[in-house]
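The following pair of complexes shares a single chain, subunit A, combined with subunit B in the former and subunit C in the latter.
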Partner chain A sequence: MNKYLMICGMMLLPLAYSHSVLATAAVDELLAEYRSAGATEFSVEAGNTLWLQEFQDAQSGKMRQCATCHTDNLRNPGKHARTGKPIEPLATSVNPKSLTDIKKIRKWLKRNCKWTIGRECTPQEKGNVLTFIQTQ
Partner chain B sequence: MKLVIPEAKRIWDLPIRVFHWLLVSAFILAWLTQGEDRYLDIHVFAGYLILGLFLFRIGWGFWGSHYACFNSFACGWRSVWRYLTILLTPQRQHFIGHNPIGGWAILLILGLGLVVTLTGLLTLGGEEQHGPLAGLISFAWGDIGHECHEILAWLMLGLIGIHIAGVLVESRLHQENLIKAMITGYKNTSTEDTASVANHSRLAISLILVVLSSGGSYFYGYFTQTAEHPYLPFIGPQLPDNATWREVCGECHLAYHPTLLPARSWQRLLNEQHQHFEEDLDLDAETLAELRQFASDNAAETHLTEPAWQIEQTTPLNQAPLRITATAYWQEQHEEIPKQIWQHPLVKFKGHCNACHLDAEQGTFEDAAMRLPQHSDFSQLSTKPH
Partner chain C sequence: MKKSLTLTVALLIYLPYLAADDNERVTPVRNEQYKEECGSCHFAYQPSLLPSRSWQRLMTQLEDHFGENAELEANTQKTLTDYLISRSANSSRDKLATKMMRRLAKNKIPLRITEMPYLKHEHDKIPDKMVTQNTEVKSLSYCDKCHTQAESGSYLEKDIRIPGYGQWEEKAEREESEKDDD
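So, the complex of A and B:
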């Protein structure tokens, strides 16, 4: 009896993790890419800091941060600050589709860094922020 | 001289009275809902009701009871003249049914009403591409029909004004309450050879039942709608779609259908894709080519919808606006919306069309498909991700 339970449990484990496993696959690939571009160890802490950091937009003088659209709780749905369009939660724990598509992550990191910070993020920053999002 | 005691006789049968007051209600309803896109469906229903009532009245004018028949009150201009010249003298004539001017007013209202409803159908078919004439007439003819419809409706209102004034004057001159007579059907008469007409109540009840059941089926959608599936009285045409367009242009806002701007605007917008309202769209050449093709194949010039036609007509050729909200047509349509609405958390951005237009995703922007966000049934809709 116990043996069966154990086998079932072992089968369930990868299934339960399949979503986050997928997520890491895309992120892992990106992280490897960033490392070969010169980044070193990635830090959740630094990612969190970048997430909450406010940047002043040169033109409008308004403050911008990642949370402007994604809110500071990544498990909540966000809303595009300029157009009002709803954004699904970024946290992989509530949105299994998040961080699964490598092209999508690349595209949005480029766009969002440019709009929020005013420049593209460095490989180090991108790695940090992805590592941080994954823990949410 | 023999003394005759005035006796109440039924002059107006029930179908005529029901017709009269239904017509009054339908006319008021049509007048209250005119010019409000949101209530176009109600306006159109009132129009159909008026047309139906007039057709009934024409039939009843041939086969109805005595005083309802056209040949009982249609008369030449000589009789009208005679009636008018002696109206203010003691010799004035008294008619138990319609007097000569009253008769003319009825015929004119009937005729004008028919033309008003027919030009209404022309407007509906041309401008909105709905109703029996949809697809048969162009937007331009619909527009002309619309102009005529408005002028004729005002004429009809004037005629109704004269009719009411006439009723009041007659009531005073002959000391009889004509309004009450149109409610009860009875008038007091001392003429012995005047006989009561039959009431035809079964016909009148059928008339009411037909009106009630057609109203019920016309507005049925409102009773069965839910917050998720709000009822759209008018369903627009199925517009050409493109998966790439929908995906790429729907990432940050509604994927505006190309019918909403002229082709030159879309070309300019796609040429400037690296500075798209401060965003860098960063599209590759292949995607860009597909988007270009789809945009120019379905731009406003195709006249696939009324907004397309209107935007194409009203945007000067030397202008290529990048915003739909910057076009003259859009601004004119939305100028009456109060400021607070634009600042409402569910709206905020003028280009957030789907905050108010239930069919914005489809791109059809039909009348009666808009809801301002203070409506409670609406709050869940606009925040729903697609």
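So, the complex of A and C:
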């Protein structure tokens, strides 16, 4: 029985591996880009802090944070704050498609930093957040 | 002979309904890029629900898209604007689009589909409790909350299901509100 489980596990290993490689390829490229733009060491902790930080929207006065739409558990599906449209989980552990498309990552980081913080994120902040998401 | 007569009669009876169906239907969205870029945040509204002039203006102010940031890369923005304009209410042959255009003043450039006079007129008998006060609907902007087949381009009355209220029939509702008045 144990042997059987082990074989199963070994068969699944390449699958898990390929997913994480796929996820890192796009992120690695972006991290390299951020580094050449002046960013230094990226930190999961700093990413996590930014993820949970609340910012006041200048127009509505309402508090906003990443979790407003994505919830505080990245393995859960989120919901668009305005329209309620479902958002797929960002955690690569449950959504292998997450962080694989470099264009998508660029687009959403730009839009969502502006929505949440009121400005574009710095290369350092973007790198921290991506590093954090990857660990989820 | 008898069979074909029955068929003809059936067709003659059914034809007006078919035509009526056509009046409440628009060409569905088949552009995958549009579905992806616009439809990931909200219902992918069919281009024939707004005139070209509206799409043109809307697409140049995506940084403030009704309070949301919906910025696109320049080339994506151009491609999607071209798509929307080529199938807009004034470019389309959809009967519903023609009707919507007919009611719209020439000097008006509505940015919301809910500002289209035809749409306002079509929804004016629906009580607030079913839309704005209905937590599952909230606004007329969310077409597909009640128009269950909206994605396929159907806005037919038979496909309407209002969350918490079910089917919508204009006549039945009017009678109910008259009863309320007594």
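Just so we're on the same page, the second predicted complex is superposed on the first by the 121 of 136 C-alpha atoms of A that agree within 3 Å, B and C clash if a C-alpha of one lies under 4 Å from a C-alpha of the other, contacts with A are read in each partner's own complex, and residues count from 1 in each chain.
In this section, a residue touches a chain if its C-beta (ideal position, glycine included) is under 8 Å from a C-beta of that chain, and two chains touch if they have at least 3 such contacts.
Given the structure is predicted, the values throughout are model-derived calculations rather than measurements.
Applying the stated contact rule after C-alpha superposition, one finds that A:K107 touches each of subunit B and subunit C. In the superposition on chain A, A:E41 makes contact with neither subunit B nor subunit C.
Of the two partner chains placed by superposition, subunit B and subunit C are both touched by A:W115.
When the shared chain is aligned, subunit B comes close enough to touch A:P77, but subunit C does not. Residue contacts after overlaying the shared chain place A:E54 against neither subunit B nor subunit C.
Shared contact residues of subunit A with subunit B and subunit C: 80, 82-85, 107, 110-111, 114-115. Interface of subunit A with subunit B (complex): residues 77, 79-80, 82-88, 107, 110-111, 114-115. Only residues 40-43, 63, 67-73, 141-142 of subunit C touch subunit A when the two sit together in their complex. Against subunit C, the residues of subunit A that register as touching in their complex are 59-60, 80, 82-85, 103, 107, 110-112, 114-115. For subunit B in complex with subunit A, the touching residues are 252-254, 277-280, 282, 346-349, 351-352, 355, 383-385.
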